Amino acid sequence: MSNSIGEKFKVTSFGASHGKALGAIVDGCPANLELSQEDIQKELDKRKPGTSSVTTPRKESDEVQILSGIFEGKTDGTPITGVIFNKNQHSKDYSMFKNTPRPSHGDFGWMSKYGNYDYNGGGRGSGRVTVGHVIGGAIAKKLLKTQDIEIISHVTQIGNIKAEPQEFSIIRENVEKNPVRCADLKAASEMEKLIIDKKSEGDSVGGIVETIAVGIPAGLGEPVFERLDGDLARILMNIGAVKGVEIGLGFDVANHTGSEINDEYHIENDKITTKTNNSGGIIGGMSNGMPIISRIAVKPTPSISKCQNSINLEKRENEKIEIKGRHDPCICPRVTIVAESSTAIILADHMIRSGFIHPANLEL
Amino acid sequence: MSNSIGEKFKVTSFGASHGKALGAIVDGCPANLELSQEDIQKELDKRKPGTSSVTTPRKESDEVQILSGIFEGKTDGTPITGVIFNKNQHSKDYSMFKNTPRPSHGDFGWMSKYGNYDYNGGGRGSGRVTVGHVIGGAIAKKLLKTQDIEIISHVTQIGNIKAEPQEFSIIRENVEKNPVRCADLKAASEMEKLIIDKKSEGDSVGGIVETIAVGIPAGLGEPVFERLDGDLARILMNIGAVKGVEIGLGFDVANHTGSEINDEYHIENDKITTKTNNSGGIIGGMSNGMPIISRIAVKPTPSISKCQNSINLEKRENEKIEIKGRHDPCICPRVTIVAESSTAIILADHMIRSGFIHPANLEL
Amino acid sequence: MSNSIGEKFKVTSFGASHGKALGAIVDGCPANLELSQEDIQKELDKRKPGTSSVTTPRKESDEVQILSGIFEGKTDGTPITGVIFNKNQHSKDYSMFKNTPRPSHGDFGWMSKYGNYDYNGGGRGSGRVTVGHVIGGAIAKKLLKTQDIEIISHVTQIGNIKAEPQEFSIIRENVEKNPVRCADLKAASEMEKLIIDKKSEGDSVGGIVETIAVGIPAGLGEPVFERLDGDLARILMNIGAVKGVEIGLGFDVANHTGSEINDEYHIENDKITTKTNNSGGIIGGMSNGMPIISRIAVKPTPSISKCQNSINLEKRENEKIEIKGRHDPCICPRVTIVAESSTAIILADHMIRSGFIHPANLEL
Amino acid sequence: MSNSIGEKFKVTSFGASHGKALGAIVDGCPANLELSQEDIQKELDKRKPGTSSVTTPRKESDEVQILSGIFEGKTDGTPITGVIFNKNQHSKDYSMFKNTPRPSHGDFGWMSKYGNYDYNGGGRGSGRVTVGHVIGGAIAKKLLKTQDIEIISHVTQIGNIKAEPQEFSIIRENVEKNPVRCADLKAASEMEKLIIDKKSEGDSVGGIVETIAVGIPAGLGEPVFERLDGDLARILMNIGAVKGVEIGLGFDVANHTGSEINDEYHIENDKITTKTNNSGGIIGGMSNGMPIISRIAVKPTPSISKCQNSINLEKRENEKIEIKGRHDPCICPRVTIVAESSTAIILADHMIRSGFIHPANLEL
C-alpha cells in the first residue's frame, strides 16, 4: 500500500479509525515557515464531527500534537509529524462487519486484498483517515499564504437543491455561517432541511463541492503526464465517496462549441487575463493565472441504517445487513475541508516543483 | 518537465508535432509477451487523422518502428522504444502563433513557462503527442489481453446529441462501423451531421467519451493516495481537452440517496457480484471485480477559424487571431483511442503493482 | 528534504535528537506478518548507547511504541508507525554550536542550507536519527525471515587492528559476545583497548563494518539504474560517517586479473553455485544466489574533545571550538545495527519488487 | 525493469548491444540551454572503442541523432532524445552463450530473471549500453557548465601500478595525452604496457578511476535518505564492473583518528573553506563547497579468452567456456567517461532539486 502524495511537498498519512493514533508526516516543507499547533488544530476543528445538526453526533476530539519539524516556532526543513491519539479505541462492537462487507463501502476490497482487515469503525478505510489530509493541507495552506494564495471549498448542491453562484468574498464569508458550508444562505437552509429529513429516514444524500483557489501564478503544472489538472483530479478523486471531478466548465463543455466557450485573452496595464474562465484557470495542463476552479461529485454516505443485501465472506452465502451507528447523513459539509486541504497539498507541491517557492528555505 | 507515467509499467513520451520524431518508451513490461510492430501500428491507425468526414483531412502517416525491447518476437524485459519519424516537418508557416497565444490552447502556458517554445503545429502541446499514449497503450492492451482484460472507449455524446446505452458486445461491434465511434448507430449519424455542420461554420463541438474495462480482478488499487480511481482520473484528465472525469454514476450521485444507489452484494456459485454497478467497478479506491466504467468531458477543439481576441506577448498589446489550418471540428472520435490507451496503461501498471502479473517475466 | 527510502517497502523517518520524538513509518509491508513491539525493541536495544565500555555513557531509553499498522498481532497492510518519545529534551546547553560548525560534522551544511537549524545535540543531523533506520530494519528483517533470509553485520577493522575472517555461524555467535561486535574475539579485545585509549586521549577512531546476507534468491535487482548493488551502496553511504562502500572483493579487484577473480559456475544436484564469491553475491546488478557481502568504511566520530579550528558563521570570523560531551569514541559497534537494518530495508524492498514476496498479502 | 535515474533531471536509457538502436531520453533539462548534436558526439567519441592500443579493436561508430527537445539551437524544456542506430547488428554468432553464462558476467542473472535474453554481444547487459549514460552526461555537463561546474575522471591505478596525485589543471591536460587516461604520464606508460601484456595472455586487469568535480556550491544533497554521497555512490556502483565506491579519504578513514582527519574550517575574505578535504567535498550528505572527489574500483573485464568453468542452463550440467572475441583487456580508460557522465547526471539533478538551477527555464 502506498500512503504518500506529492513529489517535493510530500504527505504520508497513517493510522486507522479505531487504532491508537492517526496522523501525517509532511516532508519537504521549506524551512523558516512560521507554524504552530494551532494552525493545524484550527483546520481539524472544521472537519470535526458532532458540531451541528447535519453531521454525526459522534464525538471525536482530534487534538493534534506536532512531534517534529518545528524549531523555535518555525519549520526547519525536516519532516513535520502531526499525530492525533484516539481517546476511546474500543467503544463499540463492530464484529458484525467482520465478514459482511457494507454495500458501496470499501470493506470488500480491504477484506479480499489484505486478508487481515481492521473492521472496527472502517479501519483505515474510514473517512476518519482524512485527518491526515487536513494536517497536510493546513501546512500547505500556511505555506501558500506566504505567496498570497487562498483556497476555499463550499457546497454547491445537495440532492436536488442547487446553490446560486456567489462572489469569492461572499463565499468566504458565508461558508462559516451555516452548517452545510454553502455560500447561498437560502439554499443552505433548504439543504439542511433535506439532510435532516434523509437522516430521519435512515438514509443519506449526495452533493457537489466546489473549490476555488485564487492568487495562483501562471505556469504551475507540467505538460503531458504531470499536468496540474491531472494531479488535482487524482487527489480529489482519491477522497472517499468522490465519483467525479471537473475543472472550469467541466462536463458542460460537451454541450458547447469552441466559439462559445474559448477563453479569449486580454491585456491591460501589462496584466494578462482571460475574459471568461471556462477553463477554470488551467489550460494545456498549466495554470494561466486565473482562479482555479474544480468541482467534485460526492456520493451519499454508503452507511445507512436501512436493511440491505450483502454476503458473508466466510460462509460464502448471501446475508442481510443493518448498519447501526451514528453516521453522517451527508458528508459534503465535512468534505469541503478535505477538498480544500487536498487542493492545497497539490498547489504547494507544484509551487515548489515549478520554482515559485525555494525547495529548502523560504528566506532564499 | 516530466513526461513519464506509471510506477512499474512506465511510459515515457517524447517528441513534438513538427519535430524530427515522436514516440514513447515503455519500461517495465515483463519479458515473454509476444509483441510485433503491427500490434502497435494497428492502434495508431485508429488514432490517425484524415480518414473520415469528421476528422481533419491533414495526413499523418504515423508509421511506428520498434527500436528496442523485443527479442525473437517477444519482449525481453528491457525498455521498448517505439518511434515515428515525421515525414514533412516544415509544411507550413506557423510564425503568426509565435507571440500570439490561441484562446483556450496551451500556447500561453508554454510561452510563459519555458520561454523557448516550438510553436510549429503546437509543438509538444499538440494533440499529436498522444501517439506516445497510443504506443504505450497498445503494449498495455497486449499485456492485459493475456489476463483476459479488454477495454473499449466510445462516444456517448456530441453537443446536445446523446447516445442510448448499449451492451458491451454491441459497443465493441458498432464503434468500428461509424466515423464518430459511437455505439448507438442512429445517434452516430446525427452526431456526424452536427460535426460537419460545425466544421462548415468554422467552429468546433465538444462531447463525452466513455471507457469500459472488463475482466478486472477485485483488488487493484491501493487505498488512500494511490487509489485506482485517482490514478485513472489523473491520466484521463491529463489528456488535452478533457475537463471532467467521472466513474460509475459520476456526477449523478449528487442527485441520489444511499438507498437508491448503493451496490448490494450477491454471491452465486461462489462468484461475488454487485446487483447494480453504480460504483463503476471501483469502491474504496479498489476494483471490486465489476466492469470499470469512466466517462470524460472533451471540450470543443480550441483551434477554430473564426476570428478571436488574443494578445501579442512581445508587443504586450491586444491582437486579433484567425487560426487557419485543417483542424478536427470535434476530437471525440480520435480521443476514444487515447482514452482506451490511457486506461490500459494504468490498469497494466496496477496489475503488476498488485501482484496479478509478475513484474519481470510472464512465464513466472 | 526527503526522508524516505524504498519503492514498495518504503521507510519514512522523522524526528531530531532533542525534539519531542523520533521514529519511522514503514509503508508497503504486506499484510499478515506477525509483528510485535518487542520485535522492534530488541533491535533498538542493540543500537542503544550507554551499555558498554566502548560507547558513550549517555543514556537513551529508546522505548518504541507502535501507533498503527498492526491488527490482532499481525500487519494489516497499512502504514506501520513506530515512535520513540524523548524523555529529557533539554538536558544541556548547546548554544556554543549555534553559529560554530563542528569540523567534519554536518552542522555547516544544515546551517547554510536550511537557515533554521536545531543545533541541540546535532538536531536531525545526529546519529540518533538512525533509530528510524532500525525501526524500518526490524520490520524488514522479520519479513525477510519468512523467506529464510538472514543478515548479520560485524566489525572487521578498528584503526590498524584487523579481524581474521570467520564462518557465518561463528560471526552470528561471536558478535553478541563482545562490546565491539567483532567476530574474531582476539582482535575484539585489542579493538576494545584501542577505543578506550583513544577515548582517554579525547580522540576517536575509525573502522570497517562488514554485512553478510544469506538465503537470497537469484534475480533480485534490476539492470542498469536500479541495480541491487547500487541500491545497497546508496543506503549504506547514506549512513552518517560512512565514506566508502564495497561489494565482494571490493577495492581489491583493482589488484587482480580476470582469470584470478572470475567466479566460475558449478552445478550439482541441480543447485547452481559459484566456486568463489569474489562478486559478493551480485553480478550485473542482480543477486546470483550466493551470500551478499558488503563492507563500509566508517570514519572516526568527528565530535572530539580536542581543541579544533572552526569559524563563527554570524561574526564571519575564525574561532576555536572544544566539543565537550559524552561522544562515542568509535561508532563502528553501533553502526553494525544500522548497516544490518539498512541492508534489510533494501533487500525487503527488492524481494517485493522482484515478485518473490506478494506486495499486499503474505498469505497469497 | 527500471532504466531511469534522477528526480528532476531524469535520464531514461534504452537499447541493446546488437539491437536496432541504443540511446537515452533526458527529461527535465530546463529550457534555453544551448545544445547541439556535437556537444553529445564529442563525449561519445571519448567512450568509443577501437581508438587505441588498450581498448578493443572492435569498431563502433556511435553517431548520435537528436530526435526531440531542441528548438532553434536551444533546449525547449521538452524531453531530449538521443539515439544511435547500430550499423551491423548481426556480425557474429553468439549462440554459444545462449545457455552458458560467462563467469562474473551478468548473463546468469538475465537468463534466470527474464527468461528471454538477447545474448548477442551481451544484449542490454553489455557495456555498450553506457552510451545512454554518456548522452545523459553530455547534456548534464553542458548544463553544469553554465554554473561553472567542471568534472574530470582519470585513472589512478591499473593492477599494481599507482599514479602519483596531480593538480586538477594537470589532470585535465594530461588525461587527453595518453590512451589510459591517467594524469601521471610516467605511470600511464607503465599501465599501458601492463594492459597490453595482459591482453597478450588472454587475460584482463582491474583498476581505480577517480572523479573530481569543482565549482559545486555548498548545500547540494538532502540529509538522511537523499544525501549527495548516497546518490553518487548509487550511480557509480551501478556502472557495470564497479565493485567499490569511496568519497574523500574513503576506506583509509578506518586507519585514522578524528584529530588526524577532521576538516577544520577557515574563513578569509568571507570565503569559507576547509584546510584539508578528507571529506571529499561532502559532509552530512551535503556538499560543503570543496571539490567533490570519488573513486571507484573497476574489476578486470570478466570476458577473457582463457578457458573457464561454467554450466549449461538447459542441459543442467557443467560445461567449459572459451570466450573468443575482441574484448577490452582493461575497461578503466573507457570507464572514465562513464564515471564523468554519471557524476554529471547526479550533480545536475541535485542542482535543480536544491534550487540552484531553475527547474523550467535557465533564463529565470
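Order of writing sets the chain letters: A, B, C and D. Residues in each chain are counted from 1.
We take it that contacts are C-beta pairs under 8 Å (C-beta built on N, C-alpha and C of every residue); 3 or more make two chains touch, one makes a residue touch a chain.
Remember, it's a predicted structure, so these values are computed and weren't measured experimentally.
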Selected pair, greater C-beta contact count between B-D and B-C: B-D
Relative to subunit C, chain with the most remote C-alpha centre: B
Cα-centroid distance, subunit B relative to subunit C, in whole angstrom: 46
Chain centre separation in whole Å, for subunit B relative to subunit A (CA means): 27
Geometric centre distance via CA averages, subunit D-subunit B, whole Å: 38
Subunit C: positions in contact with at least two other chains: 1-4, 13, 78, 113, 124, 219, 223, 354, 360, 364
Subunit A-touching residues of subunit C, taken from the complex the two chains share: 1-4, 10, 12-16, 19-23, 25, 27-28, 31-32, 65-69, 71-72, 74-79, 81, 83, 113-118, 123-124, 360-361, 363-364
Footprint of subunit A on subunit D - complex, ascending: 7, 78, 219, 223, 353-355, 358-360, 364
In the complex, subunit D residues that touch subunit C: 1-5, 11, 13, 101, 103-110, 112-113, 124-125, 129, 132, 157-160, 198, 203-208, 218-219, 221-227, 229-238, 240, 242-267, 270, 272, 274-275, 278-280, 283-288, 297-304, 306, 308-311, 316-318, 354
